[in-house]
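Labels run A, B and C following the written order; every chain starts at residue 1.
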Amino acid sequence: MAFYIKVLEITSLYTIMVLSVYLMTGLTGLFSLGQGAFVLIGAYTAAVAYLRFHVPFPLTLPIAVIVGAFMGFLIGLPTLRLRRDFFLLVTFGFGEMTRAALLHLSQLTGGALGMAGIPKRVGLPLLLGSIVVILFITANLKRSRFGRDCIAIRNDEMAAGMMGINVYRQKIKVFVISSAITSYGGALYAFVVMFIEPNLFDWLESAKLIVITFVGGLNSLTGVIITSMVYYTFGEFFRFIDVWRDVLLAFVVLLTTIFRPNGIFGDWELSLRGLFRRKHAAER
Amino acid sequence: MLLSAETISKSFGGVKAVSRFSLEADDREIRGIIGPNGAGKTTVFNLLTGVYPMDEGRVVFRGRNTTKYKPHQIIWCGMTRTFQNIRLFTNLTVLDNLKVAYSWKTRYGVLGGMLRLPVVRRIEREIEERARYCLDFLGLDQYRMAMPASLPYGVQRRIELARALMPEPKLILLDEPAAGLNPSEVRQLIDVIHTIFERERLSIIVVEHHMEVIMDICRWIYVLDFGVTIAEGAPSEIQCNPKVLSAYLGKDE
Amino acid sequence: MSLTTLVQQLANGLSLGGVYALEAVGFGLIFNILKFSNFSHSAVVAICAYFGYFLSTRLIHNFIITLIITTLFGGLVGVVIEKLVFRPIRLKTASTTLFLVNSVTTAMLVQQFFSASLGSNYYAYPEFMKQTAFRIGSITLSKTYLIMLATSAIVLLLLSLLLKRTKVGIAIRASSTDIRTPSLMGINIDLVISSAFFFAGILGGITGYLIGMTYSVDPFIGKVVLKGIIAAIIGGMGSLGGGVIAGLLLGVAEALLIAEVGAASTPIVIYSAIILLLLVRPEGIAGKRYLVKA
C-alpha cells in the first residue's frame, strides 16, 4: 500500500511539472530546455528557507513560487524576443548555469552533496489538491482570451500580432506563470523526496516534459495529464527497466509526430459541458 | 483625413520595393491600389500596418503618427487587414479565430481568466455575440465550430473578412481578396464589400488584380509599377490612362 | 597566467575549437536548408563515438582507417536519420515545431539507449601512439589535440571545396536561400537534403571519433554538439564561415577561462556572455536578419 502511495506521489509531482510546461509549450509553443532550473530554484528556495532560515513550512511554498516567478520574469524579459530555437538554446544555457551556480554556492546549498534532512511535509492530499487547483487555473486560462491568444501565437506569431496581440508581453506573462508553477512543483518535490541535488532535473528531464506534452496533444489538457500519469506511473512500477522507459518514450514520440502530429489525444478535451453538448446533438 | 501616407519608401537590399508612395483616405470611402505583380502593393500594406519599418515618409492614422508603431499598436488605433495568403489560426475554431481579433478590446486580465469570475463570463458572452454577428453578416454561422483548414478556400477567405470586421475597425485593408475565387464568388465578394461598407460605416483600401472588383467598388485608384506611383485617379480616368495600359499590357509582350 | 600556460591553453582551445567548428558547420548545413535546429546531430556523434570505439578495439587497430570508416558511417547514420525521422514530417506537415521535437527526441533516444545498454561506463579508445605528448621548450603539447586540430582543418577545407565546386554542393548552398531552387536547377530536392544530412553526418562522425579518442566515450558525449550549436548561433545562422570562427573562439575562450576561473564557473561566464551577445545582436556575428513575409 505504501508503495502505491509513493508511486502516486511521484507521478503527481511530475504531472505538476508537465502541467506547468503545458501553458508555455502546449498552448504558446515556447520550448524551454531549462525548466529544470525552475524546479531547482523552487526546491532549493524552499529547502534553504526551511533548513537554514527556519522559515515555517507553509510559508516556504509561496516564497518558492514568488522567487520562481521573479526569476522567470528576469530571464524571460531579454530572451523572449529571440526566435524559437535560440530561445531553446538560451534556456538550455540558463539551466546549465543554474546547476553550475548551485554547485558553486556549496556553503548555502551543500554543493554536489545536495541537501538532505528535509522532512516529509507534503503528502498525497496536498499533491492531488495542487493538481486540481492548477488544472482549474490552466483550463480556465485555456478557455479564456488568454488561451486563444496563446494558441494564435503558436500557430502564426506574425498574424497574431496583426490581430492586436502584444506577442512579447503575452509570452512574458505565460513564461512567468509557467515558471511560477514549475517552482511550486520543485518546492513540493523537496518536501516529498526529502533530498535534493543540482543534478536532479537536467535538460533531459526538461526535454521529457516537452515531449510528453506533445504526445498527449497540444490542444488537449486531458490528454497531457493522462499521458503524464501513464508515463511516470509506468516508470515507477517498472523501475528495473527505468532507462529503457525513456527509449520507449522516445519511440512513442517519434511515432506520434509522424502519424498523429496533433498528439495522441488531438483536440479532444474532457469537459462537463461536452457531455451535455453531445446529448443535445443526439437529440437534434 | 482618416489615413494619410506621405512619401513612404522601403528598400530590400538593393531593390526599391516602394518609392515615395503617397496615399490618402477619408472616412467612409473605398480606395484601391493596383499594379502588376511585384509592383510593391503588399509591401505598402506591410508598411502601413507596421510589419516593416519604413525607410522614409510618415503615416498619420486618425490623427496619430503611426510611422513607428508596432503592428499591434496600429490595430489598436482601428486598422485591420486581410492577407494575400490566408492566415487563419489552424488550431482554433472559426469562432475562436474571430474572438482572437477582439482580444485586445476585452477588459479582463490574467487573474480574471484564471478564476473565471462572473465579469469574465459576461465579457465572454459579449465577445461571442459580436463574433456570431460578424459570422452571420458573411453567411458563415454554420461553420463556426469547424476548423479552418477543413473548409473550402472561398469560405476561408470570407472568414478572414469576418475576422477583419471583429474589432469594429475604422479602416480595413484588403490584400487581394478576390485571389483564387471563381467568377460567381467574385461577384459575391463585390456584394459583400458593398454591404460591409454600407452597414459598418468604415473605409476600405483594396489591393487587387481583378479589374472587375476595383472598378466596381473604388472611388479612387492608385497605380503602382516597380514601387512607383505611375497614375492615380477615378476609375474612369485610370481605365484610359496610357501609362497604366502599357504597364499592364507591356508586360504581356 | 604564465606564458607557458597561455600558449598551452591556446593550443588546447584551438583544437577543441576546431571540433566545435566542425559541429557548427554540421549544424549550420541543416539549418540553412531546412530552417530548423537539428539537435539530432548529437545522436550521430554519440553513435559514431561508440562505433569507432568498437571498431578500433575489436577489429582494426589503425587510426587512419578506423577514422575514415567511422566518418563514412557517420554520413550513413545521418542519411538514415533523415529518412526515418525527418522525411515523413517534411512530406506531411513540414512544421518546424515537429522537426524540433523529433530532433530533440532522437538525441534523447540515442543517449538513453546507450545509457541503458552500455551503462555509464567510460570506454577508452586504444592507444594509437607510444608518446602522447611532445615538448617545445617548456610547453607540453598533446599529440591527440594536434591531431584533432589537423583533422578538423583538413575536413573543413575539403568541405568548403565540395560546397563551392561540386554540383551537389552548389545546390545545397542554393537551397539555403530558397528551398525550391534545386528543383529549378533540375536537381532532386530529396537528394540535396539527403546530401546535406550526409555531410553533416560525416562531420558528426569525425567529431564522435575525435572526441571519443581524446577523452573517452560515454552516453553523454553528444553534449559537445550543443557547443557547436552555440558556436553556429554566435557565428550567425546562414554563415558557415562565421560558425567556424565562432567555434574556434569558443574553444579558446573556454580553455582560457578554465585555466583562470576553474571548470565550475566557466559555464556561467560563457552562457552569460552568449545570452548578452544574443540580446545585443540576435543574428550573431556574421548572420543576416530574417524578415517575415506577410
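One rule holds for everything that comes next: contacts are C-beta pairs under 8 Å (C-beta built on N, C-alpha and C of every residue); 3 or more make two chains touch, one makes a residue touch a chain.
The structure displayed is predicted, hence computed values, not measured ones.
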Query raised in the report: Whose C-alpha centre lies nearest the centre of all protein C-alpha atoms?
Result: A
Query raised in the report: Using each chain's Cα centroid, which is most distant from the centroid of chain C?
Result: B
Query raised in the report: Measuring from the mean C-alpha position of chain B to the mean C-alpha position of chain C, what distance in angstrom results?
Result: 46
Query raised in the report: Using CA atom averages as chain centres, what separation in Å is found between chain A and chain B?
Result: 39
**Report entry** Euclidean distance of C-alpha centroids - chain A vs chain C, Å
**Finding:** 30
Query raised in the report: In chain A, which residues are in touch with two or more of the other chains?
Result: 158, 162
Query - Multi-chain contact residues (two or more partners), chain C - result: 292, 294
Query - Where chain B touches two or more other chains, by residue - result: 49, 51, 83
Report summary line: Per the touch rule, the chain C residues reaching chain A in their complex are 36-37, 85, 88-89, 92-93, 95-98, 100-102, 104-106, 108-109, 111-113, 115-116, 226, 229-230, 233, 264-265, 267-268, 271-272, 274-275, 278-279, 282, 292, 294
Query raised in the report: Touching chain C in the complex: which residues of chain A?
Result: 29, 31, 33, 78-79, 81-86, 88-90, 92-94, 96-97, 100-101, 103-104, 158, 162, 204, 207-208, 210-211, 214, 243-244, 246-247, 250-251, 253-254, 257-258, 261
Query raised in the report: Which residues, counting only chain B, touch chain A once they are in their complex?
Result: 49, 51, 70-72, 75-76, 80-81, 83, 87, 89-92, 96, 99-101, 103-106, 108, 110, 112-116, 120, 124, 127, 163, 167
Report summary line: In their shared complex, chain B is touched by residues of chain A numbered 137, 140-141, 143-149, 151-152, 154-156, 158-167, 173, 177, 218-219, 262, 267
